[in-house]
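What follows is a pair of complexes built around chain A, which joins chain B in one and chain C in the other.
Moving on, here comes the complex of A and B:
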């Protein structure tokens, strides 16, 4: 009789505690709506095209560029070294593994920065850390790094230095025919293609 | 004596359990806002064309002056004070989930109004709109354009923010192929002429 009562009390306490803890474990990593709004309002997630280019040129192993555009847009042009995860497969299981990698700085980009920012918000809600957005997207990247207009000699030193940096980066990615570094330049885009193929294969399952 | 002990133990246990529940209920506060959509559903709404308003449609809404369409301005109060759409309501992005804002939004929602969110950039509008969608305001649309585009008819600002690719493949080709450097320097002028033609190949933000 006595034993039964003890058993019942323990059972009730366990159930009670279980009910108390349950709602928290259900949304394990999700951040609260209020916190998500604060994060959306904070512009620190935006990285400039020059910062990203600098890290690409320095072969920063912690940088992972994620192209959230469609596969066809990705195949026609993408930033060297980027992988393709279209927006609609951003929640696929294979993506979660990449997002969960704490050692990588994951930078989303699209043509402008609306789609990439939406991908960021979805992932931010799920509690992923070290995620960023490329400000201006691939359009800005292309039109500052690849297409760079020569500044006048009268421009401030900073502008001329910036131009030289961009010009150098462009030669690094796409080669400079004059200096005959064609071999090296060809290697970089090829590398990028190999990576992309792997990535598209992995993420294709979840998407359309 | 032994019997009394048993009942005493039982009552103590029951009272203890009851206390745990009562304290739990008292300390548990229902949060002001909760997610009403799972991430998957929220993601599917991003590609729903019915939830977007482009600049042309927005200008049409302003012209029609439909009482069921309410513009929500999520820019800061200074920008709002300077200039805004007539009858638009200003709820700065950072105050979107404040108590007073929620009260206002809920009352508009109950009246069956459709809210069109606009901001400085489509990206700002998108953030506020996603937040509202996910917290249960289904009757919201986002302006897929910037505020400045609404007043003017120039395409320049539109091109700045739109998700249309502005990559000049011709310039890229001349760059990667064995062309003399002098040609590369010519590309900026060539680029400008090519951009409008490029627009058509671009469309299709998702599947």
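Moving on, here comes the complex of A and C:
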């Protein structure tokens, strides 16, 4: 037997024994509490209903709306193009794949801000980037985009332009209905096309 | 690159392909230098006259494994940042069988076939052409397989978790098994009639 082989065998066994007695390294993948507090304090994590609507109308492929309400609430009414991940599935493996996609802006929404904010904090603590909360949730979206009151002629031009934009967006989503007459059944959620790119740091698999 | 240098921001992401190219050239060079561009050498594993493939890949596996565990322990790298390919049970088994059959039939795996092409081997060129034909056929009939292809996703599953062992115990056992296999392979090589190539 070649002496080199005996030496290499002993070396491998010693390395193996080292691994055997080594305490397992624990990784804490959460962000630091101070970073979380800074992020919570930063208002840029909120996106307004108008900004989201503008991006939806322009078919922005980097926008992913995530409805964190229950499946029954999602089925009865949701913002077109959204996908449903109820808050209790927010830590599921399939969710991690979506959250890890750096190319998508993930926007959580619920009825108001509370549930979506919880989803945001959980994902922020896990270190995911490009996550946002739809300010006011689906209620505000419905009240600003779907129900839009005609401004008086004496209003400033910005208000009138905003009204026109919202009315146009409403027609884009629900057809040429009269303001405020959208039935919930018209707004059946579309199945969103989710670009499931590999998670953070993904690369092609190895092999020989 | 699977990390951890790019996700940690030590190297900008734009360098990804450049680094991949350099590592790829190095890998190809090592394959060719160890004789992996010869289909006879690879076939030796199946017929028992040359176990170099087994030795190289097991050595690579235990070296990388030990390196990652030690580096992680020392705090030089964060192993949790490594990307782990998700484990799709049915497609991994089917793909493994198809790849193994192709391996035994052709005497190349995809990487070594390109090494063979690089040094002008005609059989390697035909093998590589077949590879692209296979990719084309698979892509065309993909809808038939789609359900099976995506089924049974266990995520970044770890074998030691599945076996209920700790990482250290499994790593130690793997090293012992690898050493055992190296000696067994040498024993078999001595018993089997030598093939001159």
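Here is the rule we use: the second predicted complex is superposed on the first by the 147 of 208 C-alpha atoms of A that agree within 3 Å, B and C clash if a C-alpha of one lies under 4 Å from a C-alpha of the other, contacts with A are read in each partner's own complex, and residues count from 1 in each chain.
As a working rule, contacts are C-beta pairs under 8 Å (C-beta built on N, C-alpha and C of every residue); 3 or more make two chains touch, one makes a residue touch a chain.
Source: prediction; values computed, not measured.
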- [ ] Check whether A:170 is in contact with chain B, with chain C, with both or with neither, and answer first, second, both or neither.
- [x] first
*If you stack the two complexes on chain A, which partner ends up touching A:62: first (chain B), second (chain C), both, or neither?*
neither
Once the shared chain is lined up, is A:77 touching chain B (first), chain C (second), both, or neither of them? first
Larger residue footprint on chain A, choosing between chain B and chain C, goes to B
**Request:** Would you check which partner chain A:18 touches, where first means chain B only, second means chain C only, and both and neither mean what they say?
**Result:** second
- State whether A:9 touches chain B only (first), chain C only (second), both chains, or neither. both
Can A:101 be said to touch chain B (first), chain C (second), both, or neither? neither
The intersection of the chain A residues contacting chain B with those contacting chain C is 5, 9, 12-13, 16-17, 19-20, 207-208
Chain C partner, complex, touching residues on chain A are 5, 9, 12-13, 15-25, 27, 29, 93, 96, 198-203, 205, 207-208
As the complex stands, chain A meets chain B at residues 1-2, 5, 9, 12-13, 16-17, 19-20, 30, 32-34, 36-38, 40-41, 70, 73, 76-77, 86-88, 90-91, 110-115, 117-118, 121-122, 125-126, 137-139, 142-143, 146-147, 149-150, 170, 174-178, 182, 185, 189, 207-208
Listed in rising order, the residues of chain C that touch chain A in the complex are 1-4, 6-7, 16, 20, 31, 36, 57, 62, 66, 69-70, 72-73, 78-83, 85, 109-112, 153, 155, 166-169, 171-172, 175-176, 178-179, 182
Chain B contacts chain A in the complex at 6, 9-10, 13, 16-17, 20-21, 24, 31-35, 39-40, 42-43, 46-47, 93-94, 96-97, 122-123, 126-128, 130-131, 134-135, 144, 160-169, 171-172, 175-176, 178-181, 185, 187-188, 191, 202, 204-207
